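Below is one structure; the comments refer to it alone.
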Amino acid sequence: MRRILLQVALLAVLAAPLGALATTVGPGSARAQVDDVDAGRELFLTGCVSCHGPDGVGTDQGPTLIGVGAAAADFMLRTGRMPLAVPGQQPPRKEPAYNDADITYLVAYVASLGPGPDIPDVDPQRGDMAVGGELYRENCAACHQAAGSGGALSYGRHAPSLHQATATEIGEAPRIGPGQMPVFGPEVLSDSDLDSIALYVLQLDDPADPGGLSLGRIGPVAEGFVGILIGLGTLIVVARWVTRSRHQRLAEATEVDR
Amino acid sequence: MRRYGEAVPIAAFCVAIVGGLGAAVVYALGGQAQAEGVLLAMALGGIGVGLASWAKTLLPEEVVIEERPALGSGEAELTDIEDTFVERDPIHRRRFLGTLLAGALGSLLVALVFPIRSLGPNPDQGLRQTAWQGARLRLVRNDGTPVPADELNVNGVLTVWPEGHVGEEDSQTLLLHLQPGVLQPRPGREDWTVGDQVAFSKVCTHAGCPVGLFEERMNRLLCPCHQSTFDVADACRPVFGPATRSLPQLPLDTDGDGFLIATGDYSGPVGPGYWNQDR
Amino acid sequence: MITRRLVRWLDERVGTAGLGRAALSKVFPNHWSFLLGEIALYSFIVLILTGVYLTFFFDPSTATITYDGSYEPLVGVEMSQAYRSVLELTFDVRAGLVMRQTHHWAAVVFAAAIVAHMARVFFTGAFRRPRELNWIIGITLLLMAILNGFAGYSLLDDQLSGTGLRILYSVVLAVPLVGTWIASLLFGGNFPGTQILERLFVIHILIVPVVIGLLLVLHMGLLLRHRHTHFPGGGATDRNVVGERLWPTYALKAGGFFFLTSGALVLMGGIFQINPIWIYGPFRPGNVSAASQPDWYMGWLEGSLRLMPPWEVRAFGFMLPNPFFSGVLLPGVTFGLLYAWPFMEAWLTGDHAEHHVLDRPRDRPVRTALGVAALTFFTILMVAGADDVLAVTFDLEFNRMVWVFRTLLLVAPPVAAFVTYRLCIELVQRERDSQASLPAAAETVT
């Protein structure tokens, strides 16, 4: 691991002037250097080839990576969904298995396999909160829920919660359509739409909640629980206190003595 | 002389005073929902605890027995009323007049009920037709812009409306771009697609919610309300959940400028069923 | 003193002194379960008080405007005046949000208390003669509470309640023969129509509250006439009432309980957020959110709609669509049985006598078992109504859950009934055994 890093570092230092003039491999990897791709290939051969096949052609354990683009690789690796321990289940979000540098190399390599969506340049500050909210409620809330808490899909899959997503991830997912998610290309959601959606979704991570404890913002299910168990429950306890008499307490005392 | 029993009511009323004044202060300073709630609750709860504990600890304990008088009025009274009523009952003596009176009151009731009819239109037409009918209308997005035939990417989904009718609930449509070879068109609908783009009503045939979840890999549409699931490849036939009828399909074509249009209304009635939907 | 002079002044003009004396001496039995109805009554009072306040701010209008208030994520969004007025109440009116949340929590607790009270009356047999009329009034009150709650939260024109209105429209459509007409007359045309908010407003603030008010007067009036029931023991018989006098003891306890109830509701209104409509967004016909459920007291209907297998009856050109079975037939049968229960039980047991002494649930094992079975049935339906939320929270598969709930719905009530029955028999048997072993029967004190 360290040897590879060392080699890469040396190569980078020596080849930097050349690298700056290097031609790209495919439209999705404009900034990838030939050495990034090589480093990525090395990592790929150790961590990914068993499911995704040599040169990413795919196996019966994992889909082909040819044409998925830098966005897909970046999304999967940064959210820790890849590498996946048990193929076939919906990959859960977890801590990334690779550090930033390794992710960059792997992304470069996957991008080099074939043309695909580039990592989008998402800047929430360029976005419009109201537009983002409208687009979110039109296109995203049906699966991800109005407050971004996630929703159920068929056969145990689910549209995940968006509360941990970064702006870039919020831009990447619609472009690649991971899992059951449809693909939202640039003609459907423009790059500036993604900026607005990201601004809105990031706000959902920590909304105002002026009403107090948010109860998860999933609506009447949680509210019903609280209303019945805490509301009615407390009042029943209070009712028992109000109606308990000395007479009753004496009788209980007598019973205990028996 | 204060007895020990007064301690709780005294404390409770003091809490109530603090709560009430505190709530007023919070309000005057600009208000804050949580503080208002807690302080008002102290005011109300303090009075409540004070009164209840006053009753429990300061009032003499008593067990009082009250008699329940008989509920009925007794045979004599009942016979008296019955006799009087029957004796003086006008209708009993003039049956014909009584019947006519009943008829008059009944017909008045019928007449008074009729203004209820003004509350809404005859439902049939509205339920059977949507804004797509007749004209060759362009598909437009929520912002009113028409959809070119090459705009929607593969594995993509878009909610569209008839041009000029954005937001009309029964006309909401899902435009889907499927993978090649996925769709198996129903007989007679072979030319209802443009490339691999297909359109279906978004109104769930179970209870009318928008079928907003496109499970792209499985080519299924899932309705979030009651989990009705439709198989897009088989023209949205229901495959799970309470829905019984396929989502009606919208016939697509392109107009001279390359925008997507509908060549007519849906393949069937939109949305949930009703008594005479089949007629 | 002032009180004396006031009493004399009134009596000279209205003649109330005699009535007053009788009223103030009325005896009320003391048991915590008799306060469940009071929780409902006091919640209703809180609903009226907070509700009146809300009507001064709410604008029941479907006319659209572009929002320009203080909640940033919605600035520039088109919405109805109704929705905007609620945003303004929430973010720009002092004490507005606490009033609105208290109102909504009061509605939630109102319905819960009615159900709890109904269960108490059922399990203790307090619906028997002479109280059949009061039971019927009570069931109607339950129906009114459910309807008004639904109407109330649908007024806000947010996405979640709008989805609920769409489902209501579809269920009304499913009524045979007249469904399409009722739906069109109620909404003023096809869904969503342009009238529904304005009409729901009148229903919610005038028609149903007046009906509830009148029914409550009847309900309490009958209670005064019949006098309250009481548990056996402590000298209680069918010819007396054992308890505390209205003045001063019961009045202080009941009055205190009113303040405690309203205090609890206001506390919830301040610290628990409910119905955050600014997150749901304004209603749009083509939009929907995952995790769309109605308020808890309609949860059983939601579960019914979800669990119903895809059955539809089509014959001779007519249709009984699927929501008919789950949304019309089930609640129809439910309320039909509820209304008929006192008469059914009287007919089945042959007991037409007057009862003022309550049953202990264990002494009536069949009735108690049936009641538990019914509660089990409706609880399963209610939980099933949240199946997608449970699926996400506990990482389950809703397809499988639907089958599990369908099975439970058929299997669990009979099992619960059997277990309850045996439990009742067992408890009574143990009591008999332990009493038989005592030297002399001790007086049971309530």
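Going in written order, the chains are labelled A, B and C, and every chain counts its residues from 1.
Everything below uses one rule, namely that a contact is a pair of C-beta atoms (placed from the backbone, for glycine too) under 8 Å apart; a residue touches a chain by one contact, two chains touch by 3 or more.
What you see is a predicted model, and the numbers here were worked out from it, not measured in a lab.
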item	value
Best-connected chain pair, where connection means C-beta pairs in contact	B-C
Most centrally placed chain - per-chain CA mean versus overall CA mean	B
Chain whose Cα centroid lies at the greatest distance from that of chain A	C
Between chain C and chain A, distance of the C-alpha-averaged centres to the nearest whole Å	41
Inter-chain centre distance, chain A versus chain B - centres from mean C-alpha coordinates, in Å	33
Cα-centroid distance, chain B relative to chain C, in whole angstrom	17
Where chain B touches two or more other chains, by residue	33-34, 37, 52, 56, 63, 142, 159, 210, 212-213, 224, 227, 240
Per-residue multi-chain contacts in chain C, two or more chains	97, 101, 253, 256-257, 260-261, 264, 268, 270-271, 284, 286-292, 387-388, 398-399
Per-residue multi-chain contacts in chain A, two or more chains	134, 138, 141-143, 151-152, 154, 159, 210-212, 242, 244-245, 247
Complex contact set, residues of chain C against chain A	30-36, 38-39, 71-77, 90-91, 97, 101, 105, 108-109, 112-113, 116, 159-160, 253, 256-257, 260-261, 264-265, 268, 270-276, 278-281, 284, 286-296, 299, 386-389, 391-392, 395-400, 445-446
Residue ranges of chain A touching chain C (in the complex, touch as defined)	128-131, 133-134, 137-138, 141-147, 149-152, 154-156, 158-159, 200, 203-204, 207-215, 217-221, 223-224, 226-228, 230-232, 234-236, 238-240, 242-245, 247-248, 251
Chain C contact footprint on chain B (complex, rising order)	27, 30-31, 33-38, 40-56, 59, 62-68, 71, 116-117, 119-124, 126-127, 142, 159, 161, 167-170, 172, 202, 206-210, 212-213, 224-227, 238, 240-245, 271-279
Chain B-facing residues of chain A, complex	134, 138-139, 141-143, 151-154, 157, 159, 177, 179-185, 187-188, 210-212, 241-242, 244-247
Footprint of chain B on chain C - complex, ascending	25-27, 94-95, 97-98, 101-102, 130, 163, 166-167, 169-171, 173-177, 179-181, 183-193, 195, 225-227, 234-235, 238-245, 248-250, 252-253, 255-264, 266-271, 284-292, 302, 305-312, 314, 317-323, 326-327, 354, 356, 387-388, 398-399, 402
